[in-house]
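Everything below concerns the one structure shown next.
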Amino acid sequence: MTQMFGQHFLQIPGPSAVPDRVLRAISMPVIDHRGPEFAELAKTVLGGIKRIFRTVHPVLIFPGSGTGAWESAVVNLLAPGDRVLMVETGHFATQWRKLTEKWGIEIDFIPGNWRDWADPQVISERLAADTEHKIKAVMVVHNETSTGVVSPIKAIRDAIDALGHPALLLVDAISSLGSLRYEHDAWGADVTVTCSQKGLMLPPGLAFVALSPRAIEAARTGGSRRSYWDWSEMMALNQTGFFPYTPATNLLYGLKEAIALLEEEGLDNVFARHDRLAAAARAAVEGWGLEVLCENAEAHSSVLTAVVMPEGHDSDTFRHHVLEKYNLSLGQGLTRLKGKIFRIGHLGQCNELTLMGTLSGIEMGLRDLQVPFSARGVQAAMQCL
Amino acid sequence: MTQMFGQHFLQIPGPSAVPDRVLRAISMPVIDHRGPEFAELAKTVLGGIKRIFRTVHPVLIFPGSGTGAWESAVVNLLAPGDRVLMVETGHFATQWRKLTEKWGIEIDFIPGNWRDWADPQVISERLAADTEHKIKAVMVVHNETSTGVVSPIKAIRDAIDALGHPALLLVDAISSLGSLRYEHDAWGADVTVTCSQKGLMLPPGLAFVALSPRAIEAARTGGSRRSYWDWSEMMALNQTGFFPYTPATNLLYGLKEAIALLEEEGLDNVFARHDRLAAAARAAVEGWGLEVLCENAEAHSSVLTAVVMPEGHDSDTFRHHVLEKYNLSLGQGLTRLKGKIFRIGHLGQCNELTLMGTLSGIEMGLRDLQVPFSARGVQAAMQCL
Amino acid sequence: MTQMFGQHFLQIPGPSAVPDRVLRAISMPVIDHRGPEFAELAKTVLGGIKRIFRTVHPVLIFPGSGTGAWESAVVNLLAPGDRVLMVETGHFATQWRKLTEKWGIEIDFIPGNWRDWADPQVISERLAADTEHKIKAVMVVHNETSTGVVSPIKAIRDAIDALGHPALLLVDAISSLGSLRYEHDAWGADVTVTCSQKGLMLPPGLAFVALSPRAIEAARTGGSRRSYWDWSEMMALNQTGFFPYTPATNLLYGLKEAIALLEEEGLDNVFARHDRLAAAARAAVEGWGLEVLCENAEAHSSVLTAVVMPEGHDSDTFRHHVLEKYNLSLGQGLTRLKGKIFRIGHLGQCNELTLMGTLSGIEMGLRDLQVPFSARGVQAAMQCL
Amino acid sequence: MTQMFGQHFLQIPGPSAVPDRVLRAISMPVIDHRGPEFAELAKTVLGGIKRIFRTVHPVLIFPGSGTGAWESAVVNLLAPGDRVLMVETGHFATQWRKLTEKWGIEIDFIPGNWRDWADPQVISERLAADTEHKIKAVMVVHNETSTGVVSPIKAIRDAIDALGHPALLLVDAISSLGSLRYEHDAWGADVTVTCSQKGLMLPPGLAFVALSPRAIEAARTGGSRRSYWDWSEMMALNQTGFFPYTPATNLLYGLKEAIALLEEEGLDNVFARHDRLAAAARAAVEGWGLEVLCENAEAHSSVLTAVVMPEGHDSDTFRHHVLEKYNLSLGQGLTRLKGKIFRIGHLGQCNELTLMGTLSGIEMGLRDLQVPFSARGVQAAMQCL
């Protein structure tokens, strides 16, 4: 009984639904990437994206995915044999670890239960023990997309600084930037990476890397063998509005429009909207008598809400049901959470009624599959909006 | 406090939200309307639209609006001084009457309270009294868009036939075709008019007229002065895939795609979907303790639900509120219903979650404005889906 | 041997190629035509289109074609039995005449050979003979699309005025507005009609009527039976940004963009561009040793160039050949010119290289079909650019 | 005097003009890259692209540029200290060399004058001298985009095989695939790399790598540190229709459409079309009395034609002029050719009239700037079409 008519509700935690203004922008004809019109476009988006990262330092844009942005951070700063400190916040922290290991980096991996944030206190203890300053970088995921848990970047920076430890701070803001408050400069990140298909509301295909002066200096003399993801030539050419190799022109058109959308609404309003929607989503989960995966009340994500499926019910069966019956895509549980949770994305352009449609679909799906629950989630969510 | 971000919920009873496949189709480059590629397109849409009207007879497509389709029906069949029977089902029946009067037609207008259908019994009585057969046509609105009341076309045809009265049956299916079951041939309509922006899910700009052999014959010898809306030359040229004057090419691209969408889902499934959504909408209204405008249980529309605003509350104030706060467009009360009702459109591509988002927005809006109501509508609607 | 790959050269004299900015604009989602956002759009386009007509008086926009605009001019001003003066400039003047006749108007039709303009002198003589002022209107085609001949509107107005004759001046600027210089107010037109798919660079589907105060006054008390094409209610509602029936929203989005395109380039630059392109097209025809249909050197059109096919060669065979081999659409000869001419459209967004591609395709096509000609047209055209 | 109205002629040798069908395809809404609809899309494009490479072995698609595809070939097969043989065909061969050097590879670089192909005889001599088989790979650019010279891949493979040398053959088909005949399997390439914005007629943003069983085996055990560009996980996941990290969904929509376009025309017809256009372009250059950069009559490219600017004239001045006056983008001379040549792209969807428009623009531009030349190029080009 497939009923895939009408509006698809793409409520995975990224790629997020792309606004139609952005879709139209990416359908503009390609232009000469070495011509004057392109240079103007490049300067506009390279300037605008800084305001979204809240930085005055360079932000680099690569044709690539968030995985590429991770790699860019690693290969420009770390050499085989270097040691870093990472925290097991969930699937994506684990993936970033794997990637980093492939580059021969030694990783001090603070274990986690995938339900809590990266604890500044634990990070502080590990760094304090590193009296020889062998740890070159602390690498943390800001918003762990697999779990809906947000880590306190500023507090982690403060912990590093309090010890006078020279470690760089590398942050994955892949699913947070543009939806959750994030302050590259004020929070003291050295590298912040993101991609196009989450809070920036674009299709996938762009990788972003925001730098600090310390990171730029470290890359100048260190890092691994690299070419594609190298920062130096990119930074030099960007000054003139060009790129060392052909950029993904049409996604840059979309980026210009996406930045305009965020700034028309106002970044603070954007963040407040997502906080409001997330509070409603959690109220719904509570109303259903289900459990939010995140166990730390200070760490709830405003980008997505991961919901624990009751024992004896498979979350993938549930997800397939709501996709087929209600044209609703929810995020799956990844690796160790497979079948155990579903994730509700409320990032990007999500608004009140899109969320309410989504929560209604979940409530009806739980009912359809006779999952033990209380049909009070939708009602509870409306109280928050 | 404008919050016009994210998905707009266009839930007026037309223009309905246009599927993105249709929007992309209408953005294709214009072609020569006298060339071979155009002829193929024309034949495809002229053939396909017959299947939607459920007719084997010609359907004509004019650049124009539904009002133009009304005029086309009038001027091809009626001459000044002719008499017709019309029924006051609501605002649009009244508008059609006004248009017809401008053409010098004498109108026998059966009064109505805008909350009931066109009663076949009353029509039968009027025709029975017309022993001289002066009434040339019965003109009825199938789905009265201003009230959400559906009139029984087949029963009206049967009433005419039972009397052996020669009156033609002219039907306005403007807001029903493509969403509500409609059978031009089987129900015995002589002319059925519609437009592009309702159940056909296109932008406004096309007027459609489906004919019967009797109507074609009547037009051949009768009617008023006319040129643009004339049927004869249009029918002749359509046979070869062309039009007497430049057709609205890009809307025809969209029409091809819209017909494909309807037929991929299956017309019977489309009708069942709208019945299901409408039942849920009425359940919501009942849950809120509010009143559906339509008082005839057999006549409820599956295209829209008109809701009576409680005394002391203005429906336009309410509509402006939900537009600004929830990005939701609802239909207004027209003329004598101004400020007294709001209309929920659930036609076209509307699906379960779009409806639930809509109903949530209404429920929150009623709460925000402290309208006396019970917050049980959304819950009740989910029971029906 | 079909080779329909790559860029199609749509060089018929309308519909003209639609700029991609306009195509994207018309693919925006539909909005509530009774909401505030629509009112703003309506005011923008209703204001902007006045600047294109060069008038301060109302311009009305109907969902319809140019034929509808013709009808609107006729039914609002003329009643059955009224007499008008028209000039046989070509196919479209003849079509307008037929339409007017259907409305019961008596037509004094000045014969023409389809190769010359509407002669102000002849018009003057006819009006001078009309001492009783029975002629209510002079109806002239500005740019005769079927022949590429332009008539001198200002001179005709002067001729009427010189006689003190009260006839209204009704002008068909269907294929000229937006490409050829046209001055509704300064030239003293009472009604100017056009449509969307020529100089305005939109898909077909909109009819435009520009009025003078005299026309408005005449329509207030006179004209034929009418409803759809009536001016009074349209003018009244337009004041508030709305329309008496659902307007063709998405084409209005496109109109906004098209007006922006024309004004970004500057109307005077637009006119100069078309003059330049037309001079090049005529130089090509001369270079080929072929004949331009227009025999009056003062009357050459900058919108299209009609070329006489040498004896013994069929222009439709030629057109089919260049369509199939070079993906080039040229305009056909209409009615009495069928098979005898082809028409090169260089209106709308046509620019130098588009024209040169077009002329190259013609030159190669003439060669392919062994038409007697001299292969010096392309070379000659470049001299003019 | 900017005249940037109308159709832009994007005639650089990539990015090439994107067909409007492809532009519309990439504007479709994003879908869940882990859902069933995506898997179907992925299988379609992964299967289709094999037919374009003419291979039955895996083709991998990365979010990235052609530079990324180069890097992928290098890091999966070569380790620091490995030796390869490359040929200086022009700017891009030189760039690929630089990238390879960054990975610590030792390069035997056969010098060239940027006007000739990679000579199989010279390659054979170098390999014959490598009796210890230290050379792990021969790396050649098929169509050197900076010069318009095509190297004989099959002959190079034969030369390697004739010696029984085990070197892998790595080919850059970046600007040739989809426009020039290319046979990955039949010609014995081990790796062929390309990107989206040339013969595939997409916007930039995708990197492609076609493999041979030998290459797959070599990568399994060898190569450098890598993660993003690694083949193994990509190949494994592709089998199920998924990717190790988020793919560039919307460009994959476009790829599906682009493959359809190529196969509707037929690859052999596509290649013949480009051969025909290139012959016309060279005829034009000869007609102007100018020099084609490529000095080897067997090596002329059907993708682009590089033209030597007469002494005393700067090709960039010329390019800026035709951009501003004729809305025509031509390719610049790169590095050592800067200011000395301009490049005419006639790849992708270019057809006869687009080329003729382009050549006309060049001829008029040469005249405008009083470059010594003969105005017979356009005429000569038409002889070939």
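Order of writing sets the labels: A, B, C and D. Residues in every chain begin at 1.
Keep this in mind: a residue touches a chain if its C-beta (ideal position, glycine included) is under 8 Å from a C-beta of that chain, and two chains touch if they have at least 3 such contacts.
Chain-to-protein mapping (UniProt): A, B, C, D = Aminotransferase class V-fold PLP-dependent enzyme.
Computed from a predicted structure; not experimentally measured.
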For subunit A and subunit B, chains touching each: C, D
Most widely separated chain from subunit D, with each centre as the mean of CA atoms: B
Computed distance of Cα centres, subunit D from subunit B, in Å: 54
Averaged-CA centre spacing for the pair subunit C and subunit B, given as whole angstrom: 34
Sequence positions of subunit C contacting 2 or more other chains: 17, 20, 23-24, 27-29
Interfacial residue positions of subunit D with respect to subunit A in the complex: 8, 10, 12, 14-18, 23-24, 26-35, 62-68, 71, 80, 98-99, 102-104, 195, 197, 203-205, 207, 224-230, 244-251, 323, 329, 332
Subunit A contact footprint on subunit C (complex, rising order): 20, 24, 27-29
Subunit C-facing residues of subunit D, complex: 3, 5-7, 9, 17, 19-20, 23, 261, 265, 269-270, 273, 325-328, 349-354, 356-358, 360-361, 363-364, 367, 375, 378-379, 382, 385
